[in-house]
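Worksheet for the structure shown next.
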Amino acid sequence: MASDFTQQIREKARELLEDGTVECVIGYETGSDGISARPAFIYNAADVERLVFDNTCTHNLVKYLLNKKAKSTAVVVKGCDSRALNLLLSERQIERDKAFVVGVVCPGIVESRWNERSEQLQKRCDWCRQHTPVVSDFMVGDPVTEQPPADFADVAEEEAKTAEERAAFWQQQAERCIRCYACRQACPGCYCTDCFAESLDPEWVGIRIAPAESQMWNTIRAFHLAGRCISCNECERVCPVNLPLSLLNRKLEQKVLELFDYRAGMSEDAPAPLITFKKDEKLGIAE
Amino acid sequence: MSENSAPLIIGFLCNWCSYAGADMAGTSRAAYPSNIRILRVPCSGRVDPMMIVKCFQEGADAVLVAGCHPGDCHYNEGNYYGRRRFALLRELLDFMGVERERFRVEWVSASEGKRFAKIVTDFTNEMTKMGPRKAS
Amino acid sequence: MVQAESSSLEPVAKRVYSYYPGCSLHASAKEFDVSAKLVCQKLGIELRELEDWICCGASAAHSTSHLLSLALPAHTLKQAGEKGLPLAVPCAMCFSRLRITLHELKKKETLDLVSRTLEKELSTDVTVESMLDVLANESISLPVTKPLERLKVACYYGCLLARPPEVIGCDDAENPQTMDRLMGRLGAEVADWGLKTSCCGAGVSFPRLDIVLKLSHRILSLARSTGADCIAVACPMCHANLDMYQKDMTAKHKEKTNLPVLYFTQLMGLALGFSPKELHLDRHLTDPLPMLREKGLA
Amino acid sequence: MSRIGVFVCHCGTNIGGVVDVPKVVEAAKQMPLVVFADENKYTCSELGQASIRNAIDEHRLDRVVVAACSPRMHENTFRRTVAAAGLNPYLLEIANIREHCSWVHSDHDEATVKAIDHVQMAVAKVARHEALFPKTIGLTKRALVIGGGVTGIQAALDIAATGHEVVLVEREPSVGGRMAQLDKTFPTLDCSACILTPKMVDVAQHPNITLLSYSEVKEVRGFVGNFEVDILKKAKMVDHSKCTGCGTCWQKCPGKVSSEFDLGLGQRTAIYIPFAQAVPNKPVIDLENCRYQTFLKWDESQGGKKPPECRICEKICPTKSIDWEQQDEIVTEKFGAIVVATGFKTFDHSVYGEYGGGRYPDVISSLQLERLMSAAGPTEGEVVRPSDGAHVKNVVFVQCVGSRDDRVGRPYCSKVCCMYTAKHAIMLKEHDPDVQCYVFYIDVRAGGKDFEEFARRAQDESGAIYLRGRVSHIYQDGKNLKVLGEDSLIGRPVEIEADLVVLATGMEASDNADTLAQTLNISYTIYNFLIEAHPKLRPVETQTDGVFVAGSAVGPRDIPECVAHGSAAAVKAVALLSQDSLKSDPLTSIVDPMKCVGCFACKVVCPFNAIEEQVTRDKRTVSSINENLCKGCGLCVVACRPGAINLRGFTSQQLLSEVLTLVRE
C-alpha cells in the first residue's frame, strides 16, 4: 500500500509541477538514516522520485504553508494535518487557492527516530478519528470509516489523582521544561510572529528559566490552542524532555467536545468555540 | 496581607454591573471579609485568561470574575464570550492542580449589592477553609 | 416500530401489533373489537392480544390516585415492551391513559416510583398507537369493494384522540384530518364541521346526565345540519353517549334526533366487503341499517 | 520617571472613621514613583480639589491618584480637576477606599491594609497611564428616518422644523402606516384619517423632507455623524416626476387583487395607490399582478390561451408616465443620525385552532373591523359580515389573541387592545343601536388619561357585556358562529350565537425588524422589538451612537406614545446634528500592526463592527480599530493571542501591574 501511495503522490507531483499548477510540492522523502521520512520540498518534476509516503511520515507539513510570500504550493497531508489546514484557512493564515492539497488516507504513523523505527503506532494514531483528510484536492487511498469517539482514558487517569497530586505532577513537569519552544515551532496553530511568551511588556512569562514561568508558558500555550488544537501531537513528539503536553491538549479537546460539540479543523467555516457563543448555553459557569 | 493564613482573593469586576454592584454593597453597608482586592475592568469579556493564570502563578489563592448577567452586558455580548473562556479555563486550571473552587465566576448586577457581599463572604470562608494553595 | 412499506402491490410484509382491546371492547363496544379485528385481518395486519392485560384505569383511577392511574397502564406497557411490538389500542380512553403514562414515565423519578410500586423494571421503550392511526396509515392500500359513495360522514374524534396535543401527537387538535382522509379514501363524502374534538360529556355521564345530553345534542345536531348521514367515532365512550341518548334528546328538544353513530372500523368493514351482520351493525341503539339500506350499503 | 501624587480622602468620617488615613498617606509616600501624598477632609470639595491643583503645580506632579469614593462617583470630577492644573485628564486613577473598603469592613486594621493595597494598585496603574486625546470628527447634518407611520412622520417633521434635512424611507407605496388603517382613535373618537392625513401632506410638502416611498434600507456603514446608507428604491414603473395622480389608470386597470391595506376585505387594482388619501398620491404597478407582465411571461409551450397584452394604463395615461423600463435602484446617501420607526404588525390569529384557525370568514381581526367601520373602507363604513354581507347584530370580541399567551410565544401585553375593543363596542352601538356586543377579557387594562372612563362607557352606555374568561371554541353553525367560553366570575360556561367574531390580535414587531436591527447593529428582543439604551433613562437611544428608536418598533405603544417618542427621538437626533463636530471617547482599543497576524478573531468577536481590515506597507492584511465605532469593551484584546491589541485605559500592562502589586509584596 505504501509504495502505491508513494507512486500516486509522485505522479500527481509530477503532473502539478509540469503543468505549472504549483511551484513547489511539499511532501516527504527518506531521511539520511535511510529509515524515517523527513519533509521534502520539490521544485522540479525531475526530483519527484525523491518523494515517498510510508508510516514514518510524521511531520505536519501544513506548517510550511505559512510562508505568505510563497506562490502556489502543493502539500501532502494526512487526516490530522488536513484539520490544521482548515484551522489555518479559517484564521486566514493561508490562501486556499494557492494551496493544492494532496490528501493521503493515513495508514497510521509509527514511532521512529534517527536510525530507529518501531512498529508501534504513535499515541495520536490510537486517538485518531480522522484518518481520511477533511480537505483535499486529490485523494490518495480510499476514504475509511472513522472510529467511534475516542475515550480520554489518559485524561481520566490524571483526573483520578487529588488536586495536590496533580499540582505536584505539573510542578515536576515545569521543573523539567527548558523552554526551548520546540512545541511551539512544531505546532500548526502557533504561528504568531510575536508570542506572548517573549513579550517583555507585558511580561506574561518571566525571562528566567524557573518552574513558575515554565508553568505559565505551558498553561497558556495549551489555552491558546483551546478549541484550535487538531490533535497532531507534534508538540509532544518534538519535546526534548518528553513533557506530557498531550494531556493538556486532550483535556481541553475533551471539554470542547463536551461543552461545545466541536472538533477543531473539521470545517473551514465553523467558528472556533472561543470566538462564538450561544445565548442560552449552560456551561456550569455561574448558573 | 494582614495574616499569612488569610487567603488572597483577586476580584475582576466589570464596570457596568458588578463594580457598581460592589459599590451598592458599600452604599447599603453590606459587610464582607476584607480579603478581596478589586480591579475594575470594562467588561468580564476583557478579563484575559492569561491574567487569571498569572494571578494563580504568582500566588493568589483565589480569583473572582464578576460580570453582568447574561443578556445584560453593557456591550451586548462580552459576558457570553467570557463565559466560554472561563468554563474552559477552570477545567484546565483544575486539571493542573488549581482546584476549580478557587476560580469563581459570578453574574452580579448593579442592584445586587447584598448578593455581592454574600458571594464574597461565602467565597472567602470557603477559601479560608481550603487553606492556601499547596503547590508552587 | 413497523415501518411503512413503500410498495403496496406485493404481499405486504406483514404488519404485526400487540393488541390491547381494553374492557369496553369486551363488553359494550364489542362491535368495535370485532370490526377492528376483521378490518385488520383484511389489510394484513396481525393483532396479537396481550395475554395478561388489565384495566387501564380510565374510568376512575386518575381521579382517585395519580400513582394508580400510572401503575395500571404501566403493567400493560411492561408486557407490550417485552413483546417488542408496537401496541395497537382501539379505545380512545385506553389509548389516552397509555400514552399519558408513557409520557410521564419519561421522567426518571416517576419511572423509579412506578417501578418500585409494581416491583418491576419498567422501560419506556414501547410504541403505543391508536387503532385510528394504525389503519389510517396511507401506505396501506385499501381493497375497497363497496365504496361508501352517497354517504356523508361527520368524523368525530372526541377529546382523547386530540388532547393533550403534545402527548397524543394529533395532526391538529382543533380540526384533525386523520379519520376524514381515511373516510375519503373509502369513497365517503366528509363533513367539514367545527365540533370534531368537542367534549361529549363522557366525564360526567353518571352525575350530570343533563350536561351529557346538552353536549352530545350539540354535536349531533351540528353534524346533522351539515347534511351528514352518520357520525364516525373511535371511542366507546363517545359512541355510547352519542348513540344511547338520542331518544332522550328527541323527548327533550321536541325534534327527532336520529343520526346513526358508527365506529370508523365498521364503516371501513362495510367498504371492504363485510356484511352488516359480521360488523355487528345491529348492536346500535340508533339503528343505522335503514339509512345504510337506503344508501345501498346494507 | 513619573512623579505621582496621592490624595487620600477622609470623606468626613465615611472613610476616616474606619481607615487610618494618615497611615495610608505614609504608606503611599513609600511607594515607587510617588513624590507626594496628602490627605483631605473632603477631596471632592473645592478646597480638596484646589489642594490637588496646587500640589500638581508645586511638586510638578504628572500623574495623580485619588483614594476616595467609587470612580463611578467622582472620576469625571477629578479628571476636570487635574485638567484644570494642566494635566491630561486621563493621567488620573481612583482608588476606591469607600464603597469597596471603609463602608463594608469594620476592622480598622484590615480596612487600612486593604486601602493601602488599593492605593498601591492605583499607583501602579496610573504609572502606566498615557495622555489620551478625544478625536474630533465631522458630521453630516442630515437625518434618516426609517418608517413612515405616525412615529416616523412626527420625527421627520420635528427634525425638519429645526432646519435639518431629512430623508424619510417607507417601504409601502404610501406613508401613513397602521394609523391610516384605523377608523377612529380612542378615547377621544377622533377620526384617525382626519388627524393623520394633514401630517402626511406636511411630510410631502416640507422643503426639508425627501420622501422615499416604496423604498427600503439595505445596508448601513459608518458611525455616528457619518453613516452611509444604501437605500433600495423599488421600481414603481410609474415616473412620479410626470405623474399628476389623476387616477385614470387605477380606475381603468382590469387587474384586480385583494387589497393589503383593506386586509383582504376589499380589492385594489394592479396599478394602485393603497388608499384614497395616500401620500404620495401617485401609483405604483404591482408587477406580480399586472396583466401586461403576465402577457410578457406567457410561455406558448405551456399551452392555454394567450393572455391579452393589456397596457391600458399606458394607453390612457395623459402624462405618459408609465415607464416599463424602470428598474430597482440603490441610492447611497449620507446621514449623521438615524431614527428607526418601523412600527408593528398584528398577530396572525390562524395559529388559534380553537378560533377556527383562520377558516371562518366571519371571524376577523380588530384591524379588519377598523377597515369595515371606516367610511373610506371596502364597505364604506357598513359593518357587515364578510361571508354574506349581512348586517351584524351580535358581535363577540375576544381579547388577548396573541397577547399574554405563552402557548403562542407571546407572553407580553399588547397594551392597546382593551382600549380599541372598548372603542369598537362604542362605535358599533353608535352605528346601529340594535347591536349587542360581548367582550371576553382577561383583565381590562385601562391605564391612561380618560381610558378607564372610556372602557366603562363601553359597558355602561353602549351596553357591551363584558365576560371575564377565555373563549374555548368557535364553530360555524349554519350562517352564524357559536362561541363557547367561560364566565369565570360566575364559573359558568357561556354559549353565544354571534354573527361576527372580532379577535383582538396583539402587536408584533414588523417583518424583518431583526434584519434591520442587525444592519444597524442595534439590539432586539426575542420578539424582535428593538431595545433602547436604557428602558427608563435613555428610551429613544440605542447602544449604537447616532441611531435612535421610536414608536411601536420598540414595543406595544398607542398613538400618543408613538408621537411622543417620535418627537423625543427627533430631539436626540437634532441635539446630535446641531453640533459642529463630535468628540470620540479615547478609551478605545488600539492595534499594533507589527504584531497582528491577521487572524481576525478580534473582528469576529467585536460586537460593534469596529474592526476593519487594513493592508500594511509590507502587504500584510491586519486589523485596525475604527475608533468611532469602538466602545472600549476589550473583547478583541482577549481574543488576540499575540497581544497585538490593547485597550487604552485598561491595558494589559496596567492590569498586570495592579495584580503584581498584590502578589509580589
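As written, the chain order gives the labels A, B, C and D, with residue 1 at the start of each chain.
One rule holds for everything that comes next: a residue touches a chain if its C-beta (ideal position, glycine included) is under 8 Å from a C-beta of that chain, and two chains touch if they have at least 3 such contacts.
Please read these numbers as outputs of a predicted model, since none were measured by experiment.
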item	value
Least step count from subunit A to subunit C, where 1 means the two chains touch	2
Distance between the centres, which are taken as Cα means, of subunit C and subunit B, whole angstrom	61
Between subunit A and subunit B, centroid-to-centroid distance (C-alpha), Å	35
Whole-Å gap separating subunit A and subunit D, where each centre is the average of the chain's CA atoms	47
Multi-chain contact sites of subunit A, meaning residues that touch two or more partners	196, 204, 274-275
Where subunit C touches two or more other chains at once, by residue number	none
Multi-partner residues of subunit B (at least 2 other chains)	49, 54, 58, 77, 81, 85
Chain-chain contacts as defined at top	A-B, A-D, B-D, C-D
Subunit B-facing residues of subunit D, complex	70-73, 96, 98-101, 103-107, 109-111, 113-114, 117-118, 121, 523, 543, 587, 605, 607-608, 631-635, 637-639, 647, 650, 652, 655-656, 658-660, 662-665
Subunit B residues within the subunit D interface of the complex	1-2, 8, 10, 15, 19-20, 22-23, 25-27, 29-34, 37-43, 45-49, 51, 54-55, 58-60, 74-78, 81, 85, 117
Contact set on subunit C toward subunit D in their complex	172-175, 193-195, 198, 222, 225
Interface residues, subunit D side, partner subunit A - complex	594-595, 597-601, 604-605, 620-621, 639, 641-644, 651-653, 656
Subunit C partner contacts - residues on subunit D that touch it in the complex	353-354, 356-357, 359, 473-478, 482, 484
